[in-house]
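Chain IDs A, B and C follow the sequence of writing; residue 1 opens each chain.
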């Protein structure tokens, strides 16, 4: 394996035993160790792994753009047969942007805010080739059209902030493709985008690869995205390649405990908590300074490890043709993977076995939350303008049953966060009622009864912001206990420790500061703090979306366990449809401040669908390269909530309007009916249910 | 964007209004006595009262503020029931006269019980006539008359009182007269009508002397500004290009030192070096009403002091902005597009790096003015700063208010300009 | 549920020792790892020590006149020379440092500990932080009014504010404190407001709000401790500015009333004698004020750089 593979003309990039270090004040930190892979023309290599595993460092290492303190300490990078390691920056500069192009995560930040798109595009051509400006412009417009950019000519004159996120990423991709590069490096190119936009961008990548015959290095933490675009997949862990193989092979027959662990800790689309279970990987990625050189790096988190694993560093073994794994027990892992595949999941669930009358805990009626928008005209200075409102939540009604979980999904800006802020009293309610256990709570939090405040608590998204860095964990959990007097004062500390144990952290955490905890641990403390007031309902606002997948599973399991134990009612907000499906009893799908469809989880994920739900489901990246998924893409951008479309909010982008007479004229003029489909399942759509029922399921698992 | 600018403009007016009130109140509430400042410490209470009455300083503070702001002639006209006019004489004095129906101007003098009118006809001829018909007598039989006197007051004369008047005439001392007016309204047009009044300290109209002082200060600041700007922006960009390099550390630390050492200390160092030890340059400026450019050698040290201080400040702002931009993802993008180094720096970095400093620098004008005051005192430079300092120490309210308003106008005005430049440079604001 | 994850998850750092001395030690080690900050610290410490022990470090009182030896250069008897009244410049210099850093003289007999410049900064921190927290956290019309007023204050040239305030109230140490506090308040308020605007978007603030905590609790218990770092560094710079301002006021004749030793007024008086051949009386206090202000800035800059590196 260590000898470089023979170079054939099809190979665009061949990386051999690449090692990269960062100089810090204290020591030389090894970020990437002995990484090898090849990419052929027209082939996509996906690199997956959790944060801190060195994916991005590899991509920068290829073009030696590691900043002042990074350096390549070994190995070679052969690009079209030429060695890149050791070349001067000036020589590399000639390749960058010309033969090797790159696309990065946040397109907003990647584009210069004060330079027009046209100039940013044309300079790629003019600085690499002898080309006149008008000719360069023409080529840029052509390329913008090629990436399906609407109004390509006008876009040339615009600035970054005048484009939507999806359009910005299209510009960046167009910029990368202008010189027809033979290697395209994409580092998390869709992570900052909403799921429907992400799907469209991924389609485009696929498309371009075919047309330009480019080799692509695609980096992502998302197994589903990698499964969709890659031909080959390389799994990285703590700076090393642990497994590599063809995409279908690798997903079907994972041979490394880490790969297998990653797959077992994300819920598959369509599975739920009753029928399946998530298996988190214990522990966390070791710090770069604490990575042993001569033993398997995965040992502390592995349940296959033996003494052998700590005695020597495993090499890459070819377990199957073209499929390597850095594990002494690769064969064993493989065998077990194949076995589990067949006997997995399906626990027989009788859906109506526990058909008890549900007691309603929370009842929301016609809730509206509007914000006043500052007008920009001079007239408004004198109070002459009509005030304008952002209708963040517009006329929402729903019920949450005691002890159940309501999942809310929707893309960014759909109003899901505003909705829960309204419920918890952090946002002033414009109109409507919220009834909690028979008490009207449509009030800001400082006007509510202390019992109501105590009964509704919240778990937050960002682990780094959820705890106050100035105080110890113990003090932060004790605060709600003291404030609401849940236990006598002298027992507060015991209660805190009890809560810490309930979230699977020991008493030793009492005196720690948040900066000493990992992301997952912080989320657990956040959960403990929310539970400290013994609430009836906990609102979870994307509690796992900022966590690595392996940690995600552990936190989800914890929430489930606590709900089972305490009977807490949960409202669970997420943008990941698989997670919501797995976690929730009922699901509401939101779009532009309204609920499009609501019902028991299993009914949302099966026909009949609301057209928006259908589009969302068809966009979800599924970590299974063999799953068949309908290709429905939404056109245009999400309209402004300042002036939402008349009639049906979704009519401007609905792909199913043609199912109605006159191409859905009615959608533009009339608010659709809230049609009951089955018990508790409603769809807000003009299309008759019988028509909707005719539509096939979006996903058919292989 | 337009809304933003209009809003800022209103804010400017509001600020000036608030500041002018504040200055009035503070000077009013302060200890110390203007009369004693003007007339010396040995005046009698009667003399002081008479002086205060003539200058209008005996009136309540809100009236004085109102007179200062919008003038007092309207009040005089109300009392007299005649129109008032301000004229400039051939030898450049300002005189207030009342306008008679026949188009000639008139003012009065009381001698004994007789009222004499001085009449100036439109052709410029001046004559004096007895004008006792104007007395009005009330129920108690007291005859009074509201008219304009020869010292630009609207006054109320009362027949038969024994009011003593002390007039202080510069050069010749006190002149005592009796039978003077019982009430005074000193005439002025008011600040918003372009008349800042008369300086108590010099007895001259503020607008005249302040103009020369302002010109001198602007020359000083202007030269410093023209030197500082290009130099500081250039050095700041050089330093920020490579954060942490020797060049960067050298420039930022010396910039910091220059900008934080008080101006008077820098000035002393420069005087000691260049005029005391090396004996190259004059260490003080001595030109009275002369224009500063007639002695350019005297300008060098004051300009150098100002330049050093501002240079350090602007350099540091530019440097940190440049360093931040060089870390931005879009600069990385530009490098990864394979663009030549200097193209990345000039097309992509500099423009973004200059947006922040330009506004900060404009806001710094505020600070620069403090520097000018000190530099003027250190070098004895006859500019606005010194004028202001002396007026403040003297409680010369008209001069102080005028100087303050000019300074605030410059400060807030540059902020307004900074805002406009900022919106112009930043497309995110320009196109929203 | 899984029992494996508990064991592995807990296997991290031991609890950190806390306490004042631990904090002090941490702070010092951060400080000393920066060359800039160390140099600054040495300069500042020099002046603090000299000021603290001033009565022990000079045989002369700062107001003791020696009419036989006016305007002298450095001699054995007077290491830095004498001023126009024959007063010892070294004594005046270190007693001047005392007024800046160690004592706030109220009258001839009464004084407070902690120097004039530092009191000014403390006062502006108190006002500014409260206003900034209120304005940043409450927002809305409260923010609008507070910020407009502070904007108006900030747009008045600083020198003018000093002039007006001190001439109105008369020259005394206490009035210098008040002037420094008034001039400093808007800047502190703006800084604290911008920190607050950032911190209040954090989820732990929302957590406190969902507990129905009072505005005061959130402002002072949840937000303020997290704004501490930048405020401390800003305060250091502000002490520098305050010394700058004290010197300037003294130079303009608005500082401490004579014959108190005041660096600014020493320079102003000494300036008159430069051209007649005695530069020392103006030189020493100029060097003193310049070195102290530069030292404070080096200290603050180094500290800021170092804390940024640690984040």
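Heads up, the rule we're going with is that contacts are C-beta pairs under 8 Å (C-beta built on N, C-alpha and C of every residue); 3 or more make two chains touch, one makes a residue touch a chain.
Keep in mind that this is a model prediction, so the values were computed, not measured.
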Higher-contact pair (C-beta pairs counted), A-C versus B-C: B-C
Centroid-based (C-alpha) most distant chain relative to chain C: A
Centroid spacing, where centroids are CA-atom means, of chain A and chain B in whole angstrom: 61
Centroid distance [mean C-alpha coordinates] between chain C and chain A, Å: 48
Approximate Å spacing (C-alpha centroids) for the pair chain B, chain C: 31
Multi-chain contact sites of chain A, meaning residues that touch two or more partners: none
List of chain A residues in touch with chain C within their complex: 279-280, 282-284, 300-301, 303, 424-426, 445-446, 448, 450, 453, 456-458, 460-462, 465-471, 476, 479-480, 483-484, 504-506, 508-513, 516-518, 520-521, 526, 529-530, 533, 554, 557-558, 561
Chain C to chain A touching residues, read off their complex: 1-2, 4-13, 15-16, 18, 202-204, 206-207, 209-213, 222, 225-226, 228
Complex interface listing, chain A residues touching chain B: 63, 65, 93-98, 102, 104, 106, 109-115, 119, 123-124, 127-128, 159, 161-162, 172, 175, 376-378, 380-381
Residue ranges of chain B touching chain A (in the complex, touch as defined): 1-3, 6-7, 328-330, 332-340, 343, 347-348, 351-352, 355, 425-428, 431-432
Residues of chain B that touch chain C when the two form their complex: 11, 14-15, 18-19, 22-23, 26-27, 29-31, 253, 256-257, 260-266, 268-269, 271-272, 275-276, 283-284, 366-367, 369-370, 373-374, 377-378, 385, 388-389, 392-393, 395, 400, 404, 407-408, 411-412, 415
